[in-house]
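Take a look at the structure set out below.
Chain IDs A, B, C and D follow the sequence of writing; residue 1 opens each chain.
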Amino acid sequence: QDKAIGFAIPNLASSFWISAVYGAEQEAKAAGVTLVKLNAGGDANTSQQIAQIQDLAQRGVAAIIIGATNGDAVRAVVEQAVGRGIPVVGISSPPNSDRLSATVSADHYDMGRLQARCLAQAIGGKGEVAMMAGPTGQAWSDLRAKGFRETLAKEAPGVTVVAESRLADNRNAALTTAEDWTQRFPELKGVYAATDDMAAGVVAAMKAAGRMPAVRISASNFSPTAQQLLKDRELACTSIQQVVAQGRAAFTQALAAAAKKPVEAKVVLPALLVTSDTLGEVDLSSVVAPADYRP
Amino acid sequence: MSVNLLRRSVDGLRAAGSVLPIPFRVAPLCLILAVAVFAAIAPRFLSLGNAANIGAQVWVLALLAIGQMFVLATRGFDISVGAVAALSSVCAAMACNGWGLPGLSAGALAGLLCGLVNGALVGTLGLQPVVATLGSLIAVRGLSLLITGDGQVVPLDAAGAVTRLGFEPMPVLPASSWAALVLAVGAALLVGRSLAGRRILMAGSNPEAVALVGVDTRRVQLWAYGLCGLFAGFAGVLMTVRAGSGLPTEGAGMELQAIAAAVIGGTALSGGIASVAAVVTGAAFIQVLLTGLNLQGVSPFVAQIAVGVVIIASGLLETLLRSLPSFPSQSRTRT
Amino acid sequence: MMALTGARPRRFSGRLNPPAAVWVVLLLFCVFALAVPRFASAGNLENLLRVGSILGIAACGQTIVLILGGIEFSFGASAALASVVTVLALPSAGVAGGFAAGAAAVLLVGLVNGTLVARFSLPPFLVTLGMLMVAGGGAAVLAGGLPIDAPPSDAFSWPARGRVVGIPVPILAAAASFVLLHLLLAHTRAGRLWYLVGANGTAARLSGITVWRSVLAGYLLAGAFCALAAVILTSRVASGQPGLAPNLPFETIAACAVGGIPLAGGQGRAVQTLCGVLVIAMLNNAVVLLNLPVAYQQLMIAAVILGAVMLQQAPRLLLLLPVRPARQSEEDRS
Amino acid sequence: MTRTAITRQTRGDPGKIWTLEVSGIAKNYGATCALRNASLRLRPGKVHALLGENGAGKSTLVKIVVGAIQPDRGRIALNGVPTRFAGVRQAIAAGVIPIYQHLSLFPHLSVLENLSAFAIAGAAGLRARPALVPRATARAWLDAVGLDCDLDLPVERLSVGERQLVEIARGLGQRCTLLVLDEPTAALTHDETDRLFGVVRRLCAEGTAVLFISHKFDEIEALADDVTVLRDGVAVIDAEPLASLSRAELVRAMLGDMVESGERALPQPGAPMLIATGLMLGPAAGIATRPADITVRAGEIVGLAGLVGSGALELAAALAGARPVAAGTLAVRGETLPAGDRARAVAAGVGYVPADRHAEGLFGPLAALQNASSSTVALFSRGGLLRPGGEAAALMPWLRRLNLHPFQPERPAAGFSGGNQQKLLLSRNLAVPDLRVLVVLEPTRGVDIAARETIHDALVEAAGRGVAVVIASSDLDEVMALSHRILVVRHGSLDGELPRGTGRAALMDRLAGRRAA
């Protein structure tokens, strides 16, 4: 009878979660455990994820790692699983329950804060910025945006947020929206982007409008796209997490919990800021999955 | 082994064939095939627990598909159901926080209202169903964001008590699933036994004639879209019950799945025929497929391809069933 | 034999009449120009048209499918597939070869759609929904779920960023597409056959038309328009994106419907699609320029789409004439 | 209730109060004026014929009377009480019962449900069951029109003729003060028509007023007491006793002109053109069949005659390659055609006019001209491009020749009257340049006398051009008048041949399977 650990992922079409899965899968291979990955297919598919967690519990996995589509919404089904004796480990956006065995957290608020500091500095502490803030109602995008906005208000009062888009949540839509911004805000100095993919769209729009050195752009996450943009000095900075390390840690905790061994209840890996200058210093192996990895 | 199973299921369905019209045979056959295949790969699949699991999960999609069925039966189309379910979920959660458990019914009411607006746009104002419901899809999403402060989930104060309805097996199935089952039976009665159902089928079967025999077409469309909204509302309440919170951004893409389930369930896009049982089976089939593939460790992207192929295959299956020679397609022309 | 009371043969003037949607476009333009800051600036209008071009080209394909009485949901996914295939083929096939490979992928999806609808008589809804998942899944498998960047090059970005005699390439491509669509629909045998097949497939068969050939050609051509849109999109985002344009099918259907094309088949003109596309493009642009909170943005989009359609029916609504079945709505106007 | 009181009073003193009095009705569809100044006065217990050429506005007037559409102008009084029905439901409740020209049945629903359609539309409450007609009653209704079919069968499985009977049975079953029959006999055989007339006379005896529309003068003379004639939306003969008018006067009133109709001289047949060998309808037709060998010569008109459900129409369709067959081959001038392949048949010059104009013939939203050119699109295109004006040049002469009315070739086909739609289908085939075979089902179903003559002329003329013509019609007079010889079809197979000049009675006997000694 093989041992299996489940991993409920909100959205596999995201560099963040692919890297997390990569980390967990590495550990799983090493431990000889099957990793059952269930993808809800989008942050707005909570019902699907609830069903998937139910399925994992039904399949009798030894433990479940959950990156929640929505922490509140999966609480009930998580506590159900815990009630059936299956330990649950939360990762990045953990289920909002106090019955988790462990949480491995990425601090999205902090990622927003780091971006705010970097962008404010890049534009000289004052001027107009716009936010490509990502979809509404998702913990990761909401927290990052909140961290960005609150930090600006506190630490860089000279910077004003003139626009915030929440409809554009992919590169093409971000590109279109940013193009419209180039018309609407001739004085724009900086753009916050919730992900590096959106940032790539913003960069393309600003470049095409000839606004590129004047407008500075910050991002989060660290896919090959972001790495390239930093290399080309088109991105001021990106705030990142050690996502692969988180995936590894989550798996380790889950395995320990399954074996009823002691766990580390709260693993916090700090967010980091990467700029073009610090690009070479990042230990990629704990941050991002290799480009040819296929989940 | 699976070839044998296939042959046996085809034979079985052929025997049942004389009572079940061909379009309604596709969903059961698909479901049987899917279950057979998964059972062959994963022995645990056929357990009672798993069946209960699926029995609990299928209902969000099934309720949406049932609602969709009413509209498809009138030759309409409603792509706003996912958004309506999300709004209903939020309303249910807010009302439940205010007035306790009975407040959940506010979700159904919100769904009904949205449906009636769609019905008015299509029936009274004569807009094309796709434009009308696309408009309300976007508007309803906007409303959901508006009342939840840009899409924050609405946690239930009494989350524990409510979610128990959604997960704790009463006997076998949780209370919410029994409730959904009752609603499905209600829908079946509505389609098969009620005047409204009969008028809906008439309107789809011959839209030109229906007014000529004295049916008020606008009222029928109002009814059909209203019912569609109502069932989307029920789905929203169910989402709230299972999530313990109102989900304002839920349900993107659900509309297409719901229509697919209804179509696999034999509902003709050209109107006039509908069966609740077949539609629920169609929804169960999609749900089994979605989670079954993932659970087997198939890459989620590959699973997506497989689901697409299977949806198309279900259409081919109907063609195949029609062409099987032994079906008594014309033998009952005279008594 | 009998006096034909004033029934002189008229030219086909009906075909040249502007559709009701033209007035909606003009009205909307005036309102936005007055109410939305910087809307009417040359730069913004060029932006708007450049973005709208992609929608417009794809909508040309959707128009053909709708005239045939079908519907296309797989456009977005096949554009995504095209972008991924293009970028993956880039190193070995070069820029032109990459784009050709991407376009071929879209045509393949169109071919499968067309074959299943035409030869197996499957419902277009089911087929294209299935292909949406197949193509989308295929793009994700090929790309591993993540965008893959294309090495930057001028040739690669030409379809989206280039200019010919000062006009952006996408706008030229869209203009050419609409002209082509108009010629196809109004002046070719293939176009005429689409109308006949869409209006009454049985009658078309009995008239000696090889219906499946016409349907297959329609879906293939729709695929070709989508392929052109996909090339421009890929060039625009300079990457292979498995989630490239998820809303493309809905936006194209909405554009056609706003232009007044009924989904029942057998009716529709290129100029109607053009009007619908302009409405959607102006709307999307104005919503961003207005800088409203997201909830109000969505309410505004919904209001304008519904309003645009109702406005076209205003004469009927004002007179409170009875609603007739949707398939006859075109007759009402002509 | 006042209405019943008045009814009783009227019955006591017929002639004083009209059951239905309609005057000054006008109705426009956009730019089309369907009715200008129409009027009607119906006596209780009498059959009132409404005449007029195709497109005169008869059906429009009917729809106004039963509340299905609202007039722009005019007054309607029922039993002396001014009335305006907001919808069909009120009309039914008041005992005004319509039987429509274009069937208003629901193909997916059962015969029983279709028979109950008025009740389902009008009933209150939740459950459908109480609104369904009791099965015994439904049987009785069907018996009255002589239809014997499974009550639970979906109507889509019935033939056109059977559907017409269901529609009629539904109407006759209602409790009625006024029965409105819009071309009920168009798809009926002679026997069925007789049976229908029997029922109508019985209803009249009970005091029901009947409004009867038909293009067949024999029927009108057999049934009607009074007559109103509409021309271009105006009542040119207003409720006069039928007996006081001659047929010629009626025709002149309808058309403003005379129609000369007499024995047509048929052309001399030439060499064999269409040869069908071993043609056998599939089991899908629901009838066991024997293989049929049919040869039609150039210039010959062959009639296929059979009772409803005999397979005559299906056999004719098979001759045009319009339906698949179980066995058999077709050859046109020596060229063998795969059966059931219309595209090949059209290419070989085989024309076809289907029986169900709406479902199988018309492209409703497309212009009349485009309907007419659908079989010949290739002719007007070069290199895939349509030649500007090409189709107009080629088809306008045909449309003019067939008297398309109104002559607006750019108008959508759905907006034309039945007779003119039939002309479009005919012109579609006549325009095929090397037309060799023309198969026409129900050439003049629902077509007015003028158009009927025009269409008959066109068929004979086509034969004169050397076309082999096959007609299959439930109108025996038509078959007898046009055919060189008549092939009798029973149970989907040929059952003998009758020469030109065979009397009606003999033909009827053969169709029913009775052989003269």
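Definition applied: contacts are C-beta pairs under 8 Å (C-beta built on N, C-alpha and C of every residue); 3 or more make two chains touch, one makes a residue touch a chain.
Composition by chain, UniProt nomenclature: B = Ribose ABC transporter permease; C = Sugar ABC transporter permease; D = Sugar ABC transporter ATP-binding protein.
Computed from a prediction, not measured in an experiment: that's the story for all the values here.
Taking A-C and B-C together, the chain pair joined by more C-beta contacts is B-C. Between subunit A and subunit D the centroid-to-centroid distance comes to 70 Å (mean Cα coordinates, whole Å).
Subunit A and subunit C have centres, each the mean of its CA atoms, that are 35 Å apart. Per-chain CA centroids place subunit B at a distance of 29 Å from subunit C. Annotation: 33 Å between the Cα-based centres of subunit A and subunit B.
Shown for subunit A are the residues that touch two or more other chains, namely 12, 136, 166, 294-295. Across the assembly, subunit D contributes no residue that touches 2 or more other chains.
Chain contacts: subunit C has residues 140-141, 145, 294, 297-298 touching two or more partner chains.
Checking each pair of chains for touch leaves A-B, A-C, B-C, B-D, C-D. Residues of subunit D that touch subunit C in their complex: 30, 69-70, 232, 255-257, 322, 342-343, 345-347, 352, 354, 359-367, 370, 374-375, 377-378, 380-381, 384-386, 388, 396, 403, 405-412, 414-415, 428, 450. In the complex of the two chains, the subunit C residues touching subunit D come out as 1-5, 7-15, 186-190, 192-193, 195-196, 199-200, 202-210, 266-267, 322, 327-328, 330-332, 334. Contact residues of subunit B toward subunit C in the complex are 77, 79, 121, 123-132, 134-139, 141-143, 145-146, 150, 207-208, 217-218, 256, 259-260, 263-264, 269, 299, 301-312, 314-316, 319. Here subunit B touches subunit D in the complex through residues 193-199, 201-202, 204-206, 208-216, 272-273, 329-335, going by the rule given at the top. Within the complex formed with subunit C, the residues of subunit A that make contact are 12-15, 18, 136, 162-163, 165-167, 170-172, 175-177, 179-184, 197, 200-201, 204, 208, 223-225, 228, 291-295.
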